[in-house]
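Dropping the structures in below, format is structure tokens.
Same chain, two partners: subunit A is paired with subunit B first, then with subunit C.
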Partner chain A sequence: MRNYYLLPFDFTRVAHHEVLVNEYGDMLVLPQGSVERIVDHRLEYDDVYKDLVANFFISESRVPANLGIYASRLREKKRFLDDFTALHIFVVTLQCNQNCIYCQASSRSEQSAQCTMTFDTMEHAVRLMFRSPAPVLTMEFQGGEPSLHPALIRFGIETAERINETERRELRFVLCTNCVHLTDEMLDICRQHRVMISTSLDGPAFLHNANRGKVDSYERVVAGIERARRVLGADMVAALQTTSVQALDYPAAIVDEYVRLGFRSLFLRALNPYGLASNGQDWAHYTERFIEFYKAAFEHILYLNRQGTPFVEEFAAIVLRKMLTPFSTGFVDLQSPAGIVTSVLVYNYDGYVYASDESRMLAEVGDFTFRLGSVHDRYEDIVYSPKVQHLAQLWANEALAGCSDCALRNFCGADPVRNYSTQRDPYGHRPSSLLCRKNKAIIEYLISLLVERREEVLPIFKRWLQ
Partner chain B sequence: MREAFDPHSNDNALFVTSRCNNRCLMCCQPPQADPDAEHLFAHNVRLLQSAPPDLPVLGITGGEPTLLGERLVALLEEAHRRLPHTAFHLLSNGRAFSDAAFVRRVCRAAGDNLFVGIPLHSDYAGDHDLIAGCRGAYEETLTGLYNLADAGVEIELRVVVNRLNYARLPRMADFIFKYLPFVGWTALMAMERTGLSVPNEAQVWAEPRQYAPQLRQAVLSLAGWGMGVAVYNVPLCLLPRDCWPYAKQSISDWKTAFAPRCEACRTQAQCCGLFSTSIRPFEGITPILEP
Partner chain C sequence: MIIEVDRSVYSDACITKCVYALSNDLDCRRTLCGERERIEVSPRVVDLSPAEVQHLFLCTLNDYKAREVIATETHDIRTILYAKAFADCDEFEEMAP
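What follows is the complex of A and B.
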């Protein structure tokens, strides 16, 4: 037996195997009892030993020979930090023309006053955005229903493009709209400035309309999607699904609806605990049911792929990219350090800057914990504020109790805002966290597929990640 | 020794040294001392003077060319001055490129018109060093690969399949995707039955039909990730059909041969053929009669 040294790794048990994960998320699936043999220095000189050395789980010298390569791998996985804030969300208005039962943004009726951004706020927000060093800046317009204010959106985009004549960044624009009221003016702006449409569709008509509290919402949304595709091109329109309690019973029907409407992917999204009040008991029950819903929908998606219909589940694709590839992923809800500030800032209609989309939703119920400053403040006073410095101590799951020794840490993220809103403590308590419960269950499910059905699922996953 | 370039050949190269700092167990051109290094250098400079200016690719080979050190930099400068539009294909074990400053000097000399072919024998250092016949080779080669990538040099990773490494080929494919995703392509290569693979036969020799399953898995795995992959030196009749799209006519035209029974084969025009330099052809050569 050879002398070797242990390098940092974690492990968990999935599908009667031990799944070892190293510091940058490379996974090794071994028979039960392997970790004990590794730790007790009882390894034979065989292919498992060679796998462990080659992939930096153990080392033949006290300091691994190619430590620079170890560092390169880790650096690449954290590359999303290099550019700093790339996603800039502009909450144009809280006014909305729908009445969704799960509204997370505390939207108000179309006639409501005092809940729309001023042109002055928009201009200052755009100027703040350019203080971020990111070479690619995404302006995402949200609401409420932002398309109710096309002139304000046009002003925001044109202000950004004017400043960009000297800044020379790559600018991207996204309009989050329910597609119910896409006027010629709005579509004209989108075509002129290559604005992507991100819309919301919950599945078949009966489900979508029930969630929207309207009878004709589905038809209008589908007509809006078709119109947007015609004017902007099919690849410029994406849709998000939100799983209401009623939706939990229709996993396959929701997937089929997306396929029928010509979408090639779907993000299976759980409700989040903002907007509508609910007690903890309900959330625990909902979370368990959502996990089952997710697996059922995912099985159906795998079935479609086997039948020759390429169709991607986006949440899994993000996790799988972390698990199976050496590349960095930029998804703000599943990052460590967390996406707040480092990857996303929110400029709210009220003239204030918030740490994330969910932070401004808290503000609507009177909690300003994650309000970082005003659009009139200096950039440095916002992103280096004492509030952000405090958050920075809680936003890396490498340093959070309950996360730091979790084998799934690399595939997950930290979310102080969610911790605060659900547990009244931004540090969070993992054993009772339903976000932790949900993420772990889904990530373990994906690993179990890779362990038990590798030949079937790996080619599908590889296609998703291309 | 070559006396002039042939613009119609797929194999125009400067042979710059016979020396090497590796002792690969299956080396097809075993290293030796250069009796007259100055003469060889002068000969190569003279060859360059006669090079056709539209030569697309010029190989630089040995031995281990980087053992020339600053003389290699000088030779590349001269080559780039003579042939500003020619790409230089340097075959090296990559160890000298563990010095990042040397990488920069070589790149500058070649006018950034350089791609480097580097063998990797295993994902596991112990096996790589065993095959390369040199302890510590893996560490330097891997560092060299990263330094070349940092400098933006295109890399052809060369895996010479042999008895000591073929079982790990599928694992190596995973390793290449995760640790070396920047390589331009990976070439999986069959051995020539010449040079050291003859005396070391018992230790290193493996027949393509022996390692075809592992080779196939590695090829399809890399291709599935969208990585460039190529198979060199394996005749089509010994290669699983789903790997045919990755097979290249890799053998230099002057040493390509076919067996008599290949005359009936319908794929001969696409096949890499056999090494005329091998003392014995691969086992299982069978003409392909159906389309």
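What follows is the complex of A and C.
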């Protein structure tokens, strides 16, 4: 037996193996019983021992000689914190021309008054955005349906570009639109300012129309997507899917629809418990069904890839990037510290600033817990406010009960807003958290694929990460 | 059912973490009797036999014991690692004699 020192790591069990994950997320899969031998200092000098040393799970000296490399890799995993808030969401209006059964944003009819941002609010919000030190600023226009107000969007973009003449940041623009009302004026703004379109498509016509509460929604959305692609280029249009209860029965059909329409990826997204989507759901039952839906859709995606159709599942790609590369991701829902404030701020139509998209959705049902201030406030008074300081105590999974001892925490994130909305406690209770249940199930499923079907899936996953 | 745990082997923190992790599945009532702790355990919703409850509890407890050993043994190196990763590195370079 060799004399060695333990380095920080955690472990879990997946597919009859022990999965060890070190402090910066490197993973090692070993036979059952390995952890006990490691912890009891009963390792022999064999291949497992060498793997453990090489991958920073144990060390032959009290302070490893290459601790600097170890520290650099840990720092790289938290690189997203260096730039601070990069994503700035502008909720232009709550007015909408659809009637989605799962609407998370509490959208209102096109005729509704007093739910659209003023030009003055837009200007103040843009100025506030530039107080963030981030070298890359993304302005994301959301609603309701923001394309109903092209003049306001143009004003916001042009204000940002004017300020940027002296700020010299990299500006990116995203329009979250259902593509139903993409007018020439709106497309002209997108073309002129290189605005990327993020749209929403739920699958085949029967499913999409049922979700939207309209008979012709699918037809109009697909026509809008094709039009946007012609004007802006195919790479400038991405789509998101939301899994309604009805959609749970059609995993393969949804994937096939995305492939048929020429998309090269799909984000399999569960319903969020906000807005209209929160009404009357058995969330525990939905979560279990969503996990099965996800796996079925994912197996179909793997099948397509094996058949020569390159197609990416985006949620998995984010998790796999954390698992298989030294890099962090910019995905705000799987970050620790959480994406709220550190990565995203929301400027609502009413002139108030919120910690995240989900925070403003809570506000629409009368809960202003995560309202941080107004666009007229000083930037420092918003991001260093007592409210944010309190949130900062709850936003790192390294320091949360149930997360701090979880081997999967490097691949997951903290979400005080979701904890609050589902459990009425921003700290949250992991054993009964359905978000924890869902994320764990999907991450463990991806690990099980890497353990049991490595030769088949690894080449596919590596292509996704290129 | 009652599970008895030797507190000289399993710390309070270790048992607390185990009870927390299982709190969606099991109700646990803890009583300290000298060096031993009596834990009255009953399934909340899932249908588990007493043998399954005991197996689940003890496996989880042993996992937390292993984590505790790792955390204790790596406490200092973890502190150094985080300081080196996130503090202003220049301040942590060794000073010339």
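By our rule, the second predicted complex is superposed on the first by the 461 of 466 C-alpha atoms of A that agree within 3 Å, B and C clash if a C-alpha of one lies under 4 Å from a C-alpha of the other, contacts with A are read in each partner's own complex, and residues count from 1 in each chain.
Throughout what follows, contacts are C-beta pairs under 8 Å (C-beta built on N, C-alpha and C of every residue); 3 or more make two chains touch, one makes a residue touch a chain.
Keep in mind that this is a model prediction, so the values were computed, not measured.
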(message) What does the overlay on subunit A give for subunit B and subunit C, a clash or a fit?
(response) fit
(request) For A:G402, decide between first (touching subunit B), second (touching subunit C), both and neither. (result) second
(message) Going by the contact rule set out at the top, does A:K462 touch subunit B (first), subunit C (second), both, or neither?
(response) first
(request) Based on the superposed arrangement, let me know which partner A:P8 touches: subunit B (first), subunit C (second), both, or neither? (result) second
(request) Have a look at where A:R75 lands relative to subunit B and subunit C in the superposition and call it first, second, both or neither. (result) second
(message) On the A-aligned overlay, A:P431 touches which partner chain: subunit B = first, subunit C = second, or both, or neither?
(response) second
(message) Looking only at contacts as defined up top, I'd like to know whether subunit B or subunit C touches more of subunit A.
(response) C
(request) Return first, second, both or neither, reflecting whether A:E380 touches subunit B, subunit C, both chains, or no partner chain. (result) neither
(message) Looking at A:A54, would you say it contacts subunit B, subunit C, both, or neither? Reply first, second, both or neither.
(response) first
(message) Could you work out the angle between subunit B and subunit C as seen from subunit A, using CA centres and rounding to the nearest 10 degrees?
(response) 80
(message) By the touch definition at the top of the document, which applies to A:D26: first (subunit B), second (subunit C), both, or neither?
(response) first
(request) Quote the smallest CA-to-CA distance from subunit B to subunit C in the superposed model, rounded to whole Å. (result) 12
(message) So subunit A touches subunit B in one structure and subunit C in the other; where do those two contact lists coincide?
(response) 68, 72
(request) Spell out the part of subunit B that touches subunit A in their complex, as residue ranges. (result) 122-127, 136, 138-139, 142-143, 146, 167-168, 171, 175, 177-179, 181, 224-226
(message) If we count contacts the way the header does, which residues on subunit A are in touch with subunit C in the complex?
(response) 5-11, 23, 35-36, 39, 59, 62-64, 67-68, 70-72, 74-75, 78, 401-402, 405, 429, 431-432
(request) Within their complex, state which residues of subunit A touch subunit B. (result) 26, 47, 50-51, 53-55, 60, 65-66, 68-69, 72-73, 325-327, 458-459, 462-463, 465-466
(message) Can you tell me which positions in subunit C touch subunit A when the two form their complex?
(response) 17, 20-25, 63-64, 66-67, 69-71, 73-74, 77-78, 80-82, 84-86
